[in-house]
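Scrolling down, you'll hit the structures one after another.
One chain, chain A, appears in both complexes that follow, with chain B as partner in the first and chain C in the second.
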Partner chain A sequence: MAGLAQSPPRFGPGFSLRIAAYFTFAIVLFPLIAVIWVSFFENKIIGFPPTGYTLKGYFNAWSLGRFHRGFVLSVEVGLMATAASLLLGVPAAIALARKEFAGREVVHSLLMSPLVVPGIVSGAAIYMFYIETEAFLDERMHVSLPLAGSLFGLSVAHTLLALPWMVRLVTASLIGMDIQLEEAAQSLGATPLRTFWHVTLPNIRPGIVAGCVFSFVVSFVDLEKSLFLVGPGYTTLPIEMINYLEWNIDPTIAAVATMQTLVIAVALMISDHFFNLTRAF
Partner chain B sequence: MTVTAEGVSDPYSRRIRPFQRLKFDSGQALLVPAVLVVVLGLLFPLLLMLRYSFNRWAAGELMIAAFTLDNYIRFFADPFYIGVLLRTLWMSLVSTAVCLLLGLPAAYYLSRLKTRWLKTALILAIVIPLLMGNAVRAAGWMVLLADKGLVNEALIYAGVLSEPVRILYTGKAVAIGLVAVLLPFMIISLQTVFDGISESYEEAAMSLGAPPWAMFYRVLLPLVMPGIFSGSLLCFVLAMNAYATPVLIGGPSFHMMAPKVAEQALKVFNWPFAASMAFVLMAVTLALTVSASLALQRRYGRM
Partner chain C sequence: MADIVLSRVSKKYGRHVTVDDVSLEIAQGELVALVGPSGCGKTTTLRMVAGLTEASSGRILFGGRDVSSLPTYRRNTGMVFQGYALFPHMTVADNIAFGLQMRGVRAGEAARRVAEALEMVRLAPYADRFPRELSGGQQQRVALARAFAFKPDALLLDEPLSALDAKLRQQVRSEIRRLQQSLGLTTIFVTHDQEEAVSMADRIVVMNGGRIEQAGTPQEVYEKPATRFVAEFVGLSNLIPGTVEGAGRFRTSQGTVLQFCDDGVVSSRGHLVVRPEKIEIGGQAEGHLNSLSGEIDSIVFLGPLTEICVRLPGGERITAHRQNRRTGGAQALRLGQKTTVAWAPESGFVLADG
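Entry: the complex of A and B
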């Protein structure tokens, strides 16, 4: 009975399994790698093999006002949305994680609902709402408050995008933290605010950092909502990119895409240092 | 064990309990700002748009207040829009199926990988593209698949082709683009479930003499069903609502639902029709996902 003497057969990932797996990883990564490679091409249009490598694409991209402005606007909107979702999301997460009350599930799903409603649907709805509100304020109150195509309007819409991530990640941190630390602080006489600041906050810092990074990233790359809310001369980077791509495919746009990729990769590396990324999904 | 005002508390319990001592007393008040923003910024506009979908449209004006089903009737009576809806459904089903087929081996491999650094690297390689935004990823496929893109140029250079083959701006290209965009969602959904399935199940099946495919089909597949289900659902919903991929990779003559909604709202300014299309899209997606979950629950029990 040779079989008994052996250790149980080890079912390691077989060769064909490995091939299939790496094929799949390649499909995901291939377009990103292609973009980064092409961004260094010397050719005016894409050609193979490349005639040479230069950084010209990057200088072109930087000198084109549309991408420059788009980048700045996207950063502004991303920071505003992150700040707003921090201010709204952290208190909400505390209530959700530390309080038991009727309707907690309902509130939780309500706060998660921006993730469920498709971007194109909510984008269209917010756009119509903004235009109607502008008209209403203008006619009835003689107040002119630009919403569609303004930094304020874009930031509010992007806050909706970011809020569910902030709430989800901070709630997860709060639930994972040892509640007795808070109780100990309280029983030693710390006020609730002091407890929060000196005990809770340091413990949930990874969740808050991850929440901020995710908020910024989902805002920075958003297409569907922004599509409805950008205005002439007031366009976010992803929208500038798709507008450009409808007419040109060249190393310049590849350079823009590479820069965006770089910004996000850095943000994610930072957050991965504090927080295991796959836990966010 | 600690004794608190509430009695003996179990130090290992992570149960959420009322945090009576911590006097964020008006605790629920902490929720008010966030809830207010979501209700005013999302739910109210959605209700408003639902109302608009029953309005009438007149060229030159945005809309005329009315209460009519004309916009929905127009959608379902026009073979063009029915075609758009069917194409959207078909693309979503195909890309979800392909994602599942490709995602299963990848997720399984990932979850059984013993080398820590390689596992981390591969997970990052999956998660980072997920957060790259669809504009960048569509740009990647455009660079590769255009008439003068890398694939065509390389094949011509190698002498395989004499003239470029049209790949970009076809349905196939959109399917490829969608699959690439959705794969990370599928892989992550599956991998978390595979991670929870002990390897001893596999070892038991194999040591009892099951060939690998039988082990997979009889043991692993039923166990990973919840992951398959949630991953497919996620991919399907995201594909139904895809915007950037059909617009950029499909080109102006490839029509799917989400780009049509945007076009009606932003270019034609037919708000009532745009609104009704948005709700048709949501309703069809919801109806299909709910009936799929019911059917699967009947077959496999609650998940």
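Entry: the complex of A and C
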């Protein structure tokens, strides 16, 4: 992922190194290019060689309500997960990077654990937790709070996906920043809050922006964790795509995938242009 | 009246004592240099004055007011950090204005004082530059201007010259001194460079192992070091081991009796200390009662002076500095040549062991 944000790599004179790099690059890019190519095929069922080229796949994708709704829901969930991980992750990163406290390592590991636990496992666990909670609230408290298959439930689960990225990237920025800048601000009379606002924040902004972009992207493309948590009317784009793929393999699904890729690429490029994301890694 | 008072200040990290029971009084407008080898506690002491490090015990007073429990941002001290710590996302002018803004100084007044501070450090044309666009020396001056622009109670400098090259250091040294005196700022200056401390400070405080070894004017500390550590750390010293025999009489371990300036040293074992520039080489200079003979071990030409090392029969080496008053004067000496080292009794003093 980092490769996207980096300036063109400069290699030494090693010819074999150059070949290896291009080869790796080709392997990474090939499926992407293939999908984009197929999205313009005229064929109803994907086959080679194509009988012709058309934009019909894109019109189909746009006119199918399921993809439309899935896209909107995925954007909504992505934005909510990003907002939540921003509110939780930045203070957590500050505590981890700047404070010494008992159990610091434990907190860090807990915040990173969603990266380690397979999505399908945590997805199932969250689903069971939601069901149990719903039942408990309903029976004991007489409160009806839909969690599984709701926008709220999905956003909470996706926050778990996004949080490790936010914490990791913001922590890296904080560690990379000269701590004397904060001390200087305080010696000049800035309270801790004003120090954060006027000095820390401007200096860790690339990390926070990178954290937001990655939070949104991991939520936007997530499949495994969401599988159990979607419901009628609340199905995210990747799951709509999987459902569609069960019965159809046609240029329409390739067009959907292309547009999905485009959203991510644009998000990365815009944020890199404004915030020089390489500084966050 | 003492402006800054440190009263029995200590800093402990677990069982490790970084600063050990330090007491110090600094007068209004005085420049005090804390000097010592790395790890001697000088920077920790400065940070405790700034409030950046909390003292484990003891009290710190500014103008009679106990500030020990005040956080950094309420202490009103201007600090210059070793790496300058200029805000990279702000212009030079904004950096300098920061302390004023945090004190709620009105924009017009702040701008006037920023311009004034820039004028004082001769950086007026650079107001709208960013720190990364300035040279090291210019950044250093911005850091200085930022630290005094808001009229702090004290100026605290942490190795402010260590990142500059030797030539520039000389220049910035006198500039800091000039500013400090014209503003009448009470200043604490931390450095590992004893020469810097001696040349800039009203008073120097030599620290070692978290304790104050000696505090006094540069001249006092240089001419009358209180401990062997100070004698060896501040300037060069020749230390001749031996015993005090009586009033002003010192017998070296080789048995030679030397006269020294007696001021009531009672302990028998110790070292006779003589500074290299007090020693004359060759000839029996009149009035020089102390004389030892040996052979020339090394000759180092240092420009304005020549450093000559003479090895005594017992194996000790005596270093002498000779002014190069005449061109080619150093060439009269040869390695291995037999010669004498001589000095006046009042130039030597004894430091007792232990």
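One rule holds in what follows: the second predicted complex is superposed on the first by the 242 of 281 C-alpha atoms of A that agree within 3 Å, B and C clash if a C-alpha of one lies under 4 Å from a C-alpha of the other, contacts with A are read in each partner's own complex, and residues count from 1 in each chain.
Here is the rule we go by: a contact is a pair of C-beta atoms (placed from the backbone, for glycine too) under 8 Å apart; a residue touches a chain by one contact, two chains touch by 3 or more.
Predicted model only: the values in this text are computed from it and were never measured.
Student: Please work out whether A:Ala21 is in contact with chain B alone, chain C alone, both, or neither, and reply first, second, both or neither.
Tutor: The first partner, chain B, only.
Student: For A:Val266 in the superposed arrangement: first (chain B), second (chain C), both or neither?
Tutor: After superposition on chain A, A:Val266 lies in contact with neither partner.
Student: Which partner chains sit in contact with A:Val199 here, chain B, chain C, both or neither? Use first/second/both/neither.
Tutor: Second partner only.
Student: Between chain B and chain C, point out the one touching more chain A residues.
Tutor: In the superposed model, B touches more residues of chain A.
Student: Quick one: classify A:Leu151 as touching chain B (first), chain C (second), both or neither.
Tutor: After superposing on A, A:Leu151 lies clear of both chain B and chain C.
Student: Considering only the touch criterion stated at the top, classify A:Gln180 as touching first (chain B), second (chain C), both, or neither.
Tutor: After superposition on chain A, A:Gln180 lies in contact with both partners, chain B and chain C.
Student: Of the partners chain B and chain C, which touch A:Gly189 in the superposed model: first, second, both, neither?
Tutor: second
Student: So, does A:Val143 touch the first partner chain B, the second partner chain C, both, or neither?
Tutor: After superposition on chain A, A:Val143 lies in contact with neither partner.
Student: Using the superposition on A, tell me which residues of chain A are in contact with chain B and, in the other complex, with chain C.
Tutor: Residues common to the chain A contacts of chain C and of chain B are 178, 180, 183, 186-187, 192, 195, listed in rising order.
Student: Considering the complex alone, what residue numbers of chain C touch chain A?
Tutor: 50-52, 71-79, 81-83, 85-89, 98-99, 102-103, 146-147, 150, 156
Student: Provide the residue numbers of chain A that touch chain B in the complex, in ascending order.
Tutor: Residue positions touching the partner: 8-14, 17-18, 20-21, 23-25, 27-35, 38, 45-49, 87-89, 91-92, 94-101, 107, 110-111, 113-114, 117-129, 132, 156-157, 159-160, 163, 167, 175-176, 178-180, 182-183, 186-187, 192, 195-196, 214, 217-218, 220-224, 227-228, 238, 241-242, 245-246, 249, 253-254, 257, 260-261, 264-265, 268, 272, 277-278, 281.
Student: Quick check: in the complex, which residue numbers of chain B touch chain A?
Tutor: Touching chain A: residues 2, 4, 9, 11, 14, 16-19, 21-24, 27-31, 33-35, 37-39, 41-46, 48-49, 52, 102-103, 105-106, 108-110, 112-113, 122-129, 131-144, 146, 148-150, 153-154, 156-157, 176, 179-180, 183-185, 187-189, 191-192, 199, 202-203, 206-207, 212, 215, 237, 240-241, 243-244, 247-248, 258, 261-262, 265-266, 271, 274-275, 278-279, 281-282, 285 of chain B.
Student: Mind pulling up the chain A residues that touch chain C in the complex?
Tutor: Within the complex, chain A touches chain C at residues 178, 180-181, 183-192, 194-195, 198-199, 202-203.
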